[in-house]
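Just so it is clear, A, B, C and D label the chains in written order, and each chain counts residues from 1 on its own.
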Amino acid sequence: MKKMLKACWNAFPGVKGKLGLVILLFFTVIALFGTWVAPYPKNFIGFDSWLPPSVSHWLGTDSYGQDVLSQMIYGTRTSFWVGILAGLITTVIGVTVGIVAGFKGGWIEESLMRIVDLFLIIPTLALMIILASFLPSMGTMSTILIIGSLSWLYMGRSIRSQTMSERQSGYVEAARMVGMKDWEIMFKEILPNITPVILANLVLVTTQAVLAEAGLSFLGLGDPTNVSWGTILALANANNAVLFHAWWWILPPGLAIAFFCFGFILIGNGILEKYRANRGNAAL
Amino acid sequence: MKWGSRKTSVMLFSALVVLVGVLNGCSNSSSSSQSGTNGQTDTASSSKPASKGDTVVYHLGETVNPEQVTNFNPFLATGNWSPFFDYVFDPLYYFNPVKGELVPRLADSEGSWSEDNKTYTVKLNMEAKWQDGTPLTIDDVLYSFNTLKDYKVLDRYQLWGEGRLQEVTAQGSDTVVFKLSNTFPSLPFYLTTVYIVPKHQFEKEDPSQFLNKQPIGTGPFKFKSINESAIVLDKNADYFLGAPNIDQLFVDRFNNSSTLTLALEKGDVQGSTGTVAMPSVPKLLENPVNKLQVYPGLNTFSVIMNNEKPGLKDSAVRRAIQLAIDRKSLIEKGESNGVFPANPGFLSSVFSDMADTGLIDNAAFAYNVNEATKLLESDGYKKNSKGIYEKDGKKLSFTYHMAANAPAQNKEGAMITEWLKNIGVETTVKLVTWPELTKLLMSGDYELLQNGLQTPPDPQAQLEIFHSKMTAPTGENTPGLNYMRFRDPEVDQWLDQASSADAATRKELYQKVQARISEQAPVAVMYNVGGHIPYRTDQFTNYNEDLPVTSALSLMQVKKK
Amino acid sequence: MSDLLQVRHLSIEYASPRGIVKAVDDVTFSIGKGEIFGLAGESGCGKSTTAFGISRLLRHPAQISGGSVVLDGQELTTLSNDEFDKLRWSKISIVLQSAMNNLNPVLKISNQLIDAILAHDPSMGKEARQRAEQLMKLVDLPVDRLDSYPHELSGGMRQRVVIAMALALRPSLVIMDEPTTALDVVVQNGIIRKIVELQKEFGFSILFITHDLPLMLEMCGRIGIMYAGKLVEVASREQILQKPRHPYTQGLLNSFPSLSGPKQRLSGIPGHTPDLIRPPAGCRFCPRCSQAIQECQTLPPPLVEDAGGQIACHLYSEEGIAREQASAACERS
Amino acid sequence: MRYNSVYLVKRIGIALVTLYVAVTLNFLLPRLMKGDPASALASEKALGSQEVANALKAQFGLDNPSLWYQYAKYIKQLLHGNLGVSYANFPSPVADVMLKALPWTLGTVLTATLLSYLIGWLIGIRGAWKPGSLFDNSTLFSSFFLSSVPFFWIAIIFIMIFSFYLGWFPLGQAVDPAYDSFAWFDKAKSVLYHAFLPVFTLIIATLAGHILVLRNNLMRVLSEDYMLLAKAKGLRASRRKYMYGARNALLPSFTGLMTSLGHVIGGAITTEIVFSYPGVGMVTFNAILNHDFPLIQGSFLCIAISVIVCNLIADLVYPLIDPRVALN
């Protein structure tokens, strides 16, 4: 167990990586064990509204009389899973598109990149709204699907440029001479070599997913029965928390999103720093 | 004053180019022109460059989207902001929702029915003049009504529908005669929905496409100009019911209610016609200067149930659902007391004389969880392992549709679904856009759907929602608002009698209809949405509380303190 | 000839995560006016670091940790950055290795020539352009090329531009760090001949750095051999050719095939360069030296100055010479 | 600076093709949405009378269900510059609504993007020039933090602090209500005064990304030989930093400048809602919620066209700053 912990500890390189890991662990713990930690049940409307932070309500209550702290804790779970799952879906699509485009080249690359350019034009948030109104019901799963299927664009481009530089290197020629098939070269040879870049991008994409989920819920397209940082912020804005000087309802969701993503970005940059140290090129 | 859209956009680009240059110098320029007024209660609205002389300006705040100011044509239902017409134009009568009665505007006095109740004559107040100086003529009135006959699209309330208006003629130069093909006692209410337009301006245009960017009305305020932040109206000095005291009426445009509420709190705006984020109302009222006028309305929010769907067929289940909803906390928590308790018999308390107010706070329909569960069990439902009621294999599990992008609505939906779970009724929430909600209601492709049912200002029309002629089997689009697929031959019979009966018998028939509705509970009512008008009393007084305080007739009398 | 540049006990260190790397350790040599002095050695032996140390172009985390550099009688290591900047390019200029990106890709050749001149004499104005044209003629490049961009020139032409640039202010010392390594042999020959020609014409001295010993022998009057941060031998070209004294110099010479003469098997030098963080106690070449003797393991060889130049090897220190004769004797018998 | 004609033609060609694909996609996207608004509108407004519904459908051109017919009609209208009539706000022409809304969004978004790039670069340069210095570390960590904060959250915070508590800036809107009666100069000032906070929010929200990108690029450029040569030439620090360092470092992030426009406009949607700013964001959002096909198409098209045009401008300006491109 000790050795495994040690290995995992230096898997996150540099001061940045370690700091990021600590932040990430903090949120994971809350996401997994939130229900036992939260002082009150989810969406429990039982208190007076607009109570400032007090002993019984560390973060006060909102306009409906819900305890903001427990809402934040339950929100962590949604935002955490949206971030992780949407991030994974995006990575899978982004990496496949990136590698295929980078490796195959020719008209495949051209068409894929044209699609990427096109989707970069249309604001992703607007596209997500369209997709949101297209899917039958707006559960958390459909949010994840929507975000996942639309935010792989930047990643696709970054992986493609990385694959193109890998394609020139010797081991790819060697692999081809040995007679390995294209997809074998791509996924058995090139993929392991660009893993640090993939990890760095995964981290970036996860933050974008969390932000996109917050955006969607802010625009009222999140799942109302479920709570996430985005829905808390949306209700805070819609119910005029500013008028009530309810800073305890506005600040926490924004700060939580920021810290959560901050942790991820630190890890990403830690990996990149280590990667750049031994490969010498700015991949992100 | 040319409507400055093209000029403004050109100006904007040059201005924003200047922005790049002046941005760093901005801090001093902004402080010089803007005396740093801070939050809470402050006196005059922030001192913009001094307006000419001491013109008295009343700022009214409103959520008006850019697409809502593309036309000022009273005939059109879309692309315009309807309260605008109340300020600039005049209908024959004005329906006062506070008292639930008709106030004569262009009409001189109350109209009179013929013996066979099939013709209604209205004498006009010929003092009225168009804002461009030309006097009002009987032809203007005839033109305004005949246009609805010629252009089917514009007759939203089907004044010329079958069994209603047959002909509108002039009698002399100051009296209008409405000939009906059948008895239609609510005609006066319907006359309030038609604004009289200047024939000499409209006849040159196609009324169903005319954008009327330079509106000319007879109303108390004249249109002056419009920009991205406000619609500017000047007072109509020679308005025939007396000139308004204020010189200018600014309708400040916001695109969300939060910013509007902040402006109200800060004093930039003196009042609003009602779209304020309800939960912030209590905070507004903490400031003694702010008042909130509340009156019942024509929109009853309820959980609409498709009475043909399995489970929802039995009235016991529907009654149980009605009892499971804690209407009091919906009103307090959800809408912060900005709305009225709804009538389980559905008729709004706006029609105070007709509505059976006894039903509203009748304990039989109040929030009562064990009564609801008792009802379900007595009807043969038993709780299954997961705590959901079931009868011969069919569990009470329904889809619950709600409107997207309505945080307050969604919050209340979450509360209701929680309460339904407490009485063993399972729901899966589905969020859809507004037009889709209507489509689902019409086609019946829903089980539970939370939405408002809005009707014209006519008790008959409001109760006819439950008439079988207004519905169609699930799968077909309903002709009327009976989305619930509710059929009750007796209710049909009572309503048909009432449509041509005199006032007394109509009241009695309506009582019976309301009793039956509350018993059958085709819908589970939530609350009645009427007016909730916040207004400040620190700079202006003399609001007329018997009318909506920010309506035209009240704003006329408002004076600067 | 009087000395232009005296380097005394120069040491340069890098702070690396694993400890202090002594890249240059107690190097002493001098370059006369108008002399072409070569500095050779395997890559990583500290020759470029020495050059950058002298011209104060070291990049973080490297810094000079001791010793003195005197140019024209002026001590450089104690100068402030601003004073040193005045010397840059007017007294010391540099020619770098890679032809690919030693010129700013987004600026015209003329701008890059002129801005060096203007940096030191802002009032030049119009004549700066004429100076640039003269410089182009100097290195046999067509003058209209002044207005083209670096990527529009070939590798050789780019290197000629850099050389012209280095001579813009008639510096007294030009440091050339592997100027021709990136070029093919034919172009290299042209560049070398141009450098020698220009050196004769203007009389500036050159510190020529390369790992290509034959090229150095052809071009430089005196040559210094560096190994693992230490200057092991300095001698004239003829001395190095006929009788290289230090075993490492001999090894170096043996690992280059001579074009003329019999074909022999090349004998490289076994082993690899020592770890500069914890250098071996005695002579750093000892582990790879075939003629290593007892003292080599323990005692760092002192730098001995004598007629043949400088040598840092126990074989040539006093005790060493005695034992040498003894072993030479028994060897002969 | 003579352009290489092949490069020019290729760039414009790509722009046109992308535009055509955008137009077609733009036509299909709203159609994918379930629920056809005309019948919904008809029922909502005409209380269910069937002839009214048909009349509305005819006016909206939905009476002929075949997609090809609608597509041909759509393209024909487009060529006449007529973006059709909005359903939800019938009969207002879409072009009219867009023409009023687009300048506001483009004005703020373009200004914010340019300023944010400029400021991001300056900070990035100063940070990369002295890596590891206090300035570098502080900007690095704060940009990590800032790059992960939602647009609208910053907007709400700014309104709370600057407008509500300090009263320095208005609570929202684009111009002063009494705008029409102002003199020319007051009008400009009113526009700037109201635009300051939204632009400032967009700048802060996008600043972090640019700092990081440029800092990485400059770190790479600093290790190049020509930088060493520039130092050896004794050039002034400012010239080395900007003419040699920044000029090369900004090249890769310059193309990023315009492609990120789509992303910024997306972010602007939420900011405009919070600031009650009459831009395209709000119009698009309402259009989507009301299933208003023509307005959705109109707003997407305007956004697509403005982004494509900006990209084309970027492609044309790029050879001016990177000579290597124009000649290949």
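Operating definition for what follows: a residue touches a chain if its C-beta (ideal position, glycine included) is under 8 Å from a C-beta of that chain, and two chains touch if they have at least 3 such contacts.
Fair warning: this is a prediction, and the values are worked out from it, not measured in the lab.
Of all chain pairs, the one linked by the most C-beta contacts is B-D. Separating the CA-averaged centres of subunit B and subunit C is a span of 89 Å.
Chain geometry summary: the mean Cα position of subunit B and that of subunit D are 36 Å apart. Remark: subunit C and subunit D have CA centroids separated by 55 Å (rounded to whole angstrom). One finds 53 Å separating the Cα centroids of subunit A and subunit C. Among all residues of subunit A, those that touch two or more other chains are 133, 219, 237, 242-243. Multi-chain contact residues, meaning those touching two or more other chains, occur in subunit B at positions 258, 262, 404-405, 432-433, 436. Chain pairs that touch one another, listed by label: A-B, A-D, B-D, C-D.
Within the complex, the subunit A residues that touch subunit B are 43, 45, 49-50, 63-65, 132-133, 136-138, 219-221, 223-225, 234-235, 237-240, 242-244.
Against subunit D, the residues of subunit B that register as touching in their complex are 1, 4-6, 8-9, 11-16, 18-20, 22-23, 26, 29-31, 33-34, 36-39, 46, 48-49, 51-52, 57, 59, 65-68, 70-71, 76-79, 152-153, 155-158, 161, 208-209, 211, 224-225, 227-230, 232, 250, 252-256, 258-260, 262-263, 266, 268, 404-405, 432-436, 438-439, 442, 470, 477-481. Remark: subunit D residues 34-35, 37, 39-41, 43-52, 55-56, 59, 86-93, 96-97, 99-104, 107-108, 110-111, 114-115, 159, 163-182, 184, 186-189, 191-196, 199, 272-278, 282-283, 285-291, 295 touch subunit B in the complex.
Contact residues on subunit C toward subunit D in their complex (touch as defined above): 55, 57, 60, 85-90, 92-94, 96-98, 101-107, 115-116, 119-120, 149, 151-152, 162, 165.
Those residues of subunit D lying in contact with subunit A across their complex are 14, 17-18, 21-22, 25, 29-30, 32-34, 144-154, 156-157, 159-160, 164, 216-217, 219-220, 259, 262-263, 265-267, 269-270, 273-274, 284-285, 288-289, 291, 296, 300, 303-304, 307-308, 311.
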